[in-house]
Amino acid sequence: MIIIMRSHVTDEEVNAVENKLKGLGLGANISRGVERTIIGAIGEERSIHKESLQALSGVEDVIRVVKPYKIVAREWHQENTIIDIKGIPLGGKKFQVIAGPCSVETQEQMDLAAEKVAAAGCNFMRAGAFKPRTSPYSFQGKGVEGLKMFRQAADKHNLPIVTELMDVRYLDDFLEYKVDVIQIGTRNMQNFDLLKEVGKTHVPVILKRGLCATLSEWLMSAEYIAAGGNHNIILCERGVRTFEKAYRNMLDVTAIPVLKKETHLPVIVDPSHAGGKAELVPALSKAAIAAGADGLLIEMHPNPCDAWCDADQALAPDELSTLMGEMKGIVEVMGREF
Amino acid sequence: MIIIMRSHVTDEEVNAVENKLKGLGLGANISRGVERTIIGAIGEERSIHKESLQALSGVEDVIRVVKPYKIVAREWHQENTIIDIKGIPLGGKKFQVIAGPCSVETQEQMDLAAEKVAAAGCNFMRAGAFKPRTSPYSFQGKGVEGLKMFRQAADKHNLPIVTELMDVRYLDDFLEYKVDVIQIGTRNMQNFDLLKEVGKTHVPVILKRGLCATLSEWLMSAEYIAAGGNHNIILCERGVRTFEKAYRNMLDVTAIPVLKKETHLPVIVDPSHAGGKAELVPALSKAAIAAGADGLLIEMHPNPCDAWCDADQALAPDELSTLMGEMKGIVEVMGREF
Amino acid sequence: MIIIMRSHVTDEEVNAVENKLKGLGLGANISRGVERTIIGAIGEERSIHKESLQALSGVEDVIRVVKPYKIVAREWHQENTIIDIKGIPLGGKKFQVIAGPCSVETQEQMDLAAEKVAAAGCNFMRAGAFKPRTSPYSFQGKGVEGLKMFRQAADKHNLPIVTELMDVRYLDDFLEYKVDVIQIGTRNMQNFDLLKEVGKTHVPVILKRGLCATLSEWLMSAEYIAAGGNHNIILCERGVRTFEKAYRNMLDVTAIPVLKKETHLPVIVDPSHAGGKAELVPALSKAAIAAGADGLLIEMHPNPCDAWCDADQALAPDELSTLMGEMKGIVEVMGREF
Amino acid sequence: MIIIMRSHVTDEEVNAVENKLKGLGLGANISRGVERTIIGAIGEERSIHKESLQALSGVEDVIRVVKPYKIVAREWHQENTIIDIKGIPLGGKKFQVIAGPCSVETQEQMDLAAEKVAAAGCNFMRAGAFKPRTSPYSFQGKGVEGLKMFRQAADKHNLPIVTELMDVRYLDDFLEYKVDVIQIGTRNMQNFDLLKEVGKTHVPVILKRGLCATLSEWLMSAEYIAAGGNHNIILCERGVRTFEKAYRNMLDVTAIPVLKKETHLPVIVDPSHAGGKAELVPALSKAAIAAGADGLLIEMHPNPCDAWCDADQALAPDELSTLMGEMKGIVEVMGREF
């Protein structure tokens, strides 16, 4: 921690900071410059709150030197984490595509969707049984019945299932239906009670980035899950909110190399929610692979025009197959396997 | 709903949209312009999903004509909603200040805080028993024990209490300790299951704006609570996230007159979390009053430097008293009572 | 300047930084912490580029300790700057309102506008002869002929004139027509050649904030003008661009107290361009006064519906008069004169 | 143009809109829905100002149906524009890399840089003789002398030169030194006088996106140049400003496929200014190619640590060569030539 004092600081103010640091078990290195006095706190700073120093008289700014996350930091764990999901690896050499409809609608729709996902060559299936909808008057998902339909459809093709958990009270149902990967959605990235609960299980978690979460906040949310004992965490970039109105969200492709440096966790990308339009999915998927992502989460619906939600962003089955073919070359150029 | 077709659209595409609308029980008004054909959908559009039209061939854009919210809209309820909290009105002529520490720490701290809040002339007290913290290693709040301390401290001064609910599982405790106003925090503005649960009670709710929530999304979250039957909703603007780094969040003062036009619900402002610095609280508080807010939510700690969280944004008791004095003139010029 | 080294840094890397600093004439204070080594550079840091240190091996981050601006900083000039414009002060106790149409259209329109501005009690008049328009097909302004009309209309009422300069080649015309205050618009806040040229004159300058300029960048643009010798600078906050779509720009009311602390220059607010709607102007104007602004720049058109640009954001003459009356009370409560 | 009327609109208000449209030479299609009346304006809408309709009584919103740009729109010119620069094509099948230092420093530095650019296989060279610097105290560029050095260095390797024009007064020097591509920088994207002047020449222009410019505004700035007669325009995405602090700007990779649909102009990407760090350049460059960009603008300095500006974002010559090799595979998978 570095404490920058205001100009014209008094000796009493500098001493007060030094004493506060001592009380917290930290040493102090005082450096008197031409315009400013700087105090370097020496010791373990993660447990100290910046604000308690910031509130002291004469303090202009307090700057952290070490990152606030630890378990998820590459600094503390050099090798890439590879997550084993029913025998299928995510985060290693193999590039993975998770596909499926926005929401579970009917058993027929799910059976057909599962067939198409498998046929396209994807190894995982996604679908929402519980849906976070902006409007209380929109379809809210099939609930537990949807989990059952999803499980049944995916099992025919040995596809591990990925589905979103919005409420701690349904975690037991997720465990009962053996959900293979629990998705924590954008709106719940800082639902800390939910993070703590999934942190107590060993089920792999896809943690989506909040709509305007910084990379640091996102990694801190992953740290919440990890601190509970569950290190099977996959980060999913899905576009952030900006001033631009020409498309839905801005895919933060820069986040991929930055996360790869900061953390050992796998990083995947959701091009469907990012762009918000089916026609943008191919370009964004390819960009994600080229930037170093470990996988993709793509919306595919057996019949997009009849989808009960997000109809305009789902690929049709043949569009998914075509895209899988197009992506193969880039995956291989990037030194990975498809 | 207005459907804008792409240029060079075919008659088949226009017919397909018309048929889709008919299937949804809507009429169609077709207007062929010089460069574009426009289709106006006639009927109740709230239950229709834009996306299902957007996915049709030849459709360039779909625009809603009516607002997606209804119960909370001023269009449907002209008069201002005045919420009665233990006999104290919020939302009417009287301007209300809610003050108190960031978090419940000890009984002594709470007793002293309650005394200072009352002495400053504030009618409500705030404090957090459950705390949403970015880091899993930070103090997470006193929990149910904190509710008890808060209740005891506030009761001595007949101050209704305002405190944050983060997890549906604690709602019963909130009801047991007769929390007077339930706060839904920024990170939970779109925790829809939580909104639904508080919507089933009749306890007044302060709904804080999400960090990058649009006014429309915020009102839709209020509509979630209202749709459950609880119309005692207070909106709280607390700053949004932007590119600016000179202070913590950008107080969206424009939101106040816009909300006043769009909704009949009371609108209050939290200047402490907006600016993130005690020194900014007076200017932001005054600006909020002048822009038409119905109240303020201010952090005050008996001893800011020793606060367990957000130490640098809490006012000291005497600073709160001074500010109350300064604000009186503006409240009165605005034609309100203090 | 503080240089934070990466973890596992080598002695060679630390020495290289020390040598680089010595070469720049700076001393080095080295502080070896538990996880990181920190190097404090001692000496005048304003002339050093962060990037040249950032590029050195083993450097994780470089942090400036002093602000990059000097002439405009309150740290170097404690008292508020009061600018004398034809004998009328801006920046002192007196609160000033500058009003007038978006653009100069005809002599009749300008004569009528000037009469209304004076009648409402405003001391300055604004209007654009040169207009920065998003579209090349929109009305681009009357040009030099417009300056002449403006001068003639304003002189009848002894109103100093404020008008925008977009191109260095017209500066001589501005001087010839004795423009009293040169406005540098949002899109030209970082048109450095233009800033340098107005910096060579002694004409007061209103420097509008860029659409997503940080306060620091804005003050650096003011420093450009000041460095040329012209210290008569007025900062004008006019809303910034964010994700919100319910109104045009977000008025950054927090910028007012932050600027008042950082700089001695006067700060005014343009509520018309911020909200983009006439109906929002009263609330935003009042909020600006309450937050501590020194003045307002308001659009008023003798007949808003017929305005050649920005018709929906101009107040009508009677709306301006009413607003002037409403604002009086707040101006006085804030301890200022109207 | 679609005009949405407020609820409870009167017949007089509807008639007034209809009459206003007639006065502008437009027809009106009136559609009375359940909650709202909608008026469709029929005719050429590009010359009409939304605001003049928005200001009418009873109008809630006015929505444009056609895009405001025309010459640069793909709707009006289906084939991709390929720009011929001294016989080298940009915008067609061949993927182009423009490389070089941030600024012209000395003849030796430029000679060495040109040699390295050519050796790496790049077909164009970039360098700044005039530099837009945030601080008036930073190095401002070598000016005309720099153009001369640049020309001399590049000519030895037959490299067309790309350099930034900031001030209309230097356009003649640019023409004298036969600058092959004029760059309009981020801060000048809406310097309309500058756009008009380069629009009068036939020199190819790289138009960088403003720091928070929407795609629509950016295309309108291109339309300014095109409207003057110069259709040789190349759009350059270089990252936009957001809330994220982990890197400098957010590369908007989604802009690439959206622009490719909206316009026939070539689109290139500047990964150096986007990420702001040399280590991010490879991932961002690859992502840009995979998303469909036509070229890259990369900073390379013979000796990055000694660069006079932006030292931390320039690649070293060998890093550029390595990257060129790595990109080859992706360029080819995308069906293009290197």
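First chain written, first letter: the chains are A, B, C and D, and each begins at residue 1.
We adopt the following convention: a contact is a pair of C-beta atoms (placed from the backbone, for glycine too) under 8 Å apart; a residue touches a chain by one contact, two chains touch by 3 or more.
This is a predicted model, so every value here is computed, not measured.
Across C-D and A-C, the chain pair carrying more C-beta contacts is C-D.
The most distant chain from chain D is B, comparing centres defined as mean Cα coordinates. Centre-to-centre spacing of chain A and chain D amounts to 31 Å, using the average Cα coordinate of each chain. Taking each chain's centre as the average of its CA atoms, chain C and chain D sit 26 Å apart. Chain A and chain C have Cα centroids lying 39 Å from one another. For chain A, the set of residues touching two or more other chains reads 212, 241-243, 245.
On the chain C side of its complex with chain A, the touching residues are 2, 4, 7, 29, 31-36, 38, 40-44, 63, 65-66, 75, 212, 241-243, 245. Chain D meets chain C in the complex at residues 46-47, 49, 51-52, 54-56, 68, 132-138, 140, 166-169, 187-188, 190-193, 196, 210-212, 217, 220, 223-224, 227, 241, 278, 304-314. If you check the complex, the residues on chain A that touch chain D are 212, 214-216, 239-240, 242-247, 250-258, 261, 274-275, 279-280, 282-284, 286-292, 329-330, 333-334.
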